[in-house]
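Shared chain: chain A. Partners: chain B in the first complex, chain C in the second.
Let's look at the complex of A and B:
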């Protein structure tokens, strides 16, 4: 390792023995670069190389089997603009990501504020409300497919409490199906958001709250001026997780509606799967994956820049 | 604000009501799973003559035992590989200041943004050429690479906050770098290893898209794919399907309730790590 220029002068003034020891220490403490090699090889084999090949295939008419395929330029992307299923899927994906981000984190924050009080059941509530988040998404989705059916438990419950008028074909109606999918995801992950907000809330020192209360700030004012800025890191993580998770959504849609009725709930990911494995249009399917990649990259870097600026402003 | 007042009691009731509302689907799940097919009463009224027949039938017809074994194998092997290679890689990446180190780390960060959908189709072809399609090893290889960026990210963040003095002392005392890592650095990484273990285990265990692709048509399934196949086969026999769902949820919830403190802290741990 080389020493930084400003250290040369300082080292020069030291006795030679000290310099020698210092030099030896410096040289030996940096772990060898090849420690990173196994991880790098696995990562390159599974992610980097196939992703680069994917970007290449997006400009071809590859069918997944035939080794002879031709370069078709931007044809796959312009075909996407003319494909109502693709534009609808992109729109659904964006809508799901935004809706989940707002609703799941809004509820998660309310739950966290409710649990982070003097109530006696707080620990039990934390464990129970988080539990859905560890269950396999495909399993919760099949459970909800039955609950949301025409004769399912949700409609039975509505009938029992005298709200027959609200009974719906939750997954069969093109207008409702997308919101039912969103509801299922919020049910599963609101507790996850809560846990992250709770960790943030517990890092807010009580003294600050008490001082603000003595100064005459009400609960709303205390939340807005004291708690909210200190929750900034929790917001960053929660918003990142829900927006990226929402954009990549596949399992729940596959199990709840299969993208239907019609294409009313198709997302980019379900369309990628269908186009590749039922229609054999690998090139087109990978072009969709490239679009998804661009959306995820733009959303996460944009969000990171905005939120880290807020975090700095808050601290 | 720490006193228990009437308003606190009202809040407590509201929160418990919310928890019951969240738990309602699980009640229906168990209620229908123990119900004989002949019982056609409302799904929310309690089952009058509960039976365990659905469970034994689902276990046998869904071949859930084999799928459970595959899931355990795939998850255990891939998570061990991911933790080993990622912690080892994070060590020089967190300590070295050279350009290669920063460049490599940025490349791993790029992996956080790339959705796996982009890589999974071209990789499908590679797996086919290697003859791995339809075997659990395709999945082990896939997760061992896919989970690396995130895990490296966790480890590097944690390592940068750790003092170097112990490693320096170990090296001066004559440890090789590998021994220094194994006996000095790795034990200090325990908190972040728990976080990485929890998050990776849940991610790999629950994944559906990848095994759906790489194991389709094969007799070797993981639990999520076996469940999906089971649902496709017994379309309307919901009592049987629900028994299968309970079987697949049970081990997860059991582990969760026993280890809830470390698991919840693991999920919340990204905040500190």
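Let's look at the complex of A and C:
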């Protein structure tokens, strides 16, 4: 925030009064509305219009192929309630989203705190921890599919260090498969959360910490009362990204387990794909997509409102 | 000043990219309509799932027809089925496309012929020559729509070196099969690799057992199902499923089949960590790729104690159909006829490791497929079961249901009842 006035100073070579700076800055940050028009038009044509046109198929029995189809009202939505695969998929999706949000951000925060200290080779560690996030999800999924196989590296490792009892059929057991998927996603994106937290941590002024330390606050108290409130924006972004990512998860699940064994790891997204492209039930799968959209919209808006209120309270 | 310049730049860039996007769109359409306009053009468009073999066929076709250019795309079955639907319903499908025999998947003959997307090929010279078992799946309502060039079988593919090392020979009865599994297990090398993590694999053992147990005693089972006179739950499908699970309990498969994928199962069989694998003949080329020194042969999987009763599931593979609105119909027909000629057909099946669909093409089958050819000649085969099912759901229910049975989430009775319910729901 101190950068702009400095620039301003250099431009005009006279010390400006505070009011003037603020006024100038405000004028600069509100460009004419039509500047946004190209982007808005593009968004409307590529996203809004096709999506809106797609939604009406949720109320039909279209098979994706036959040009003749009929309107069936809310049948697709009521069928969802009677479809154990759909209810299971909705449950899996919510579970994955919550688990990822909690574990990934918890881990991300711990990593960020760790590499924000003065430990040796911290830059190398940062790169190392962030690296998985830049790999294509489908690649990591195929990698882990082999690592988690019955004779894969994970089980071999457990055997080598004498923990044979812990060897598992990670992706083949319906009880474990969902957690294996969650584990892979956390492995990939914990570093991503870490980077955002790290940026937040580095914007916490040292002086406040020093002042708090002089006032007698211990490390835990300093984290809770100084760092945490100042990290609020980083929390908002991280939680938002991970909950949306978790809710619409597709690639990793599809490549790791294909939704199996049976339907044990099907999410709404994998079910949408299967119902549409394998079974040709486009109407039904678009109805599922509409439900997913509503869940994502509600969850992310709700979360945003709560978190941004906290953010305001904290600042 | 700086900020304002930046804003202008951003706006300019956005506008620029929007225009670029728009012009790219119109550019694509133009190229398409150019092709459509040139009626006498010598370009054929083709979409195929025969990656690895169609390339050679296209080359040979272009060589036989100088001046003709084939623009083709190849993709995996999943992706293809999704793409062809979109293209057909939006009128942008290619002239010739891969079409699966029978019914039951989104790219199958019945599914595409019913709404009129395929051209009737009954007047083509090869149509009448197709064997009856092929006709049932290449035709819809008595008209031929799909040029089926090859057929595939499911059986036990043995790794000869591993078998010799274990001192075992392929069993030809059910009792011997179970003994074989026990002996193999005792020697530390399970009999068969099973990659049930990929759900399509789950069906192969079931099909191999159903062929003999269901169709051996009742060749008209499909007609009875269609007429509503039979059900899965009250047919020998239960026996076959029971035998599948008996094999699992006897230790015929390696540990954790649900955590093992198709790729990993090939690795096990190719490297002799199992004595073989129950798969389609297409796996032989893949096994040879993983172990070039290995010898692999396909044998029938027995399901009863009389070897003479054994039947192999052998079915038409994906073939080619002509778009009813083909931009270059003449060339499209020429291509399908080339595929169905001895030259095209042999080129395809040799590369894919299957058998040709028409007799008398002079094709010399690979020795690994000797047993399959023998069964085909003796007409001891049945089509893959799903090819005559009324919708795709029956098969999908079976695939995920088999995974659920293997992981203790469901029972054979529940599965067969679900399949009956989906079958009755019709098309």
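By definition in this document, the second predicted complex is superposed on the first by the 273 of 315 C-alpha atoms of A that agree within 3 Å, B and C clash if a C-alpha of one lies under 4 Å from a C-alpha of the other, contacts with A are read in each partner's own complex, and residues count from 1 in each chain.
Just so we're on the same page, a contact is a pair of C-beta atoms (placed from the backbone, for glycine too) under 8 Å apart; a residue touches a chain by one contact, two chains touch by 3 or more.
The model shown is predicted, which means the values in this text are computed figures rather than measured ones.
Of the two partner chains placed by the overlay, only chain C lies in contact with A:279; chain B stays clear of it. If you count the residues of chain A touched by chain B and by chain C, you find the higher number for B.
In the overlay built on the shared chain, the residue A:261 is in contact with chain C alone; chain B does not reach it.
Of the two partner chains placed by the overlay, chain B and chain C both lie in contact with A:64.
Shared-chain residue A:146: touches chain B and chain C both. In the superposition on chain A, A:245 makes contact with neither chain B nor chain C. Of the two partner chains placed by the overlay, chain B and chain C both lie in contact with A:35.
Once the two complexes are laid over each other on the shared chain, residue contacts for A:169 go to chain C alone; chain B is not touched. Put simply, chain A uses residues 28, 31, 35, 38-39, 42, 46, 64, 146, 151, 276-277 to touch chain B in one complex and chain C in the other.
Within the complex formed with chain B, the chain A residues making contact are 1, 24-25, 28-33, 35-40, 42-48, 50-51, 53-55, 57, 64, 111, 114-115, 117-121, 125-140, 142-144, 146-147, 151-153, 156-157, 160, 187, 191-192, 195-196, 198-200, 209-210, 213, 233-234, 237, 247-248, 250-251, 254-255, 268-269, 272-273, 276-277, 282, 285-286, 289-290, 292-293, 296-297, 300-301. Put simply, chain B touches chain A in their complex at residues 1-4, 8, 11-12, 14-16, 18-19, 22-25, 28-29, 32, 42-44, 81, 84-86, 88-89, 91-93, 95-96, 98, 100-101, 104, 107-108, 111-126, 141-142, 144-146, 148-149, 152, 164, 167-168, 171-172, 177, 180-181, 202, 205-206, 208-209, 212-213, 216, 223-224, 227-228, 231, 238, 241-242, 245, 248-249, 252-253, 256-257, 260, 263-264, 267-268, 270-272.
Interface residues of chain A, counted against chain C in their complex, comprise 7, 11, 28, 31, 35, 38-39, 41-42, 46, 64-67, 145-146, 148-151, 169-174, 257-264, 274, 276-280. If you check the complex, the residues on chain C that touch chain A are 1-4, 7, 10-11, 14-15, 17-18, 21, 78, 81-82, 85-86, 88-89, 105-106, 111-112, 114-115, 117, 196-199, 254-261, 264, 391-393, 396, 400-401, 403-404, 406-410.
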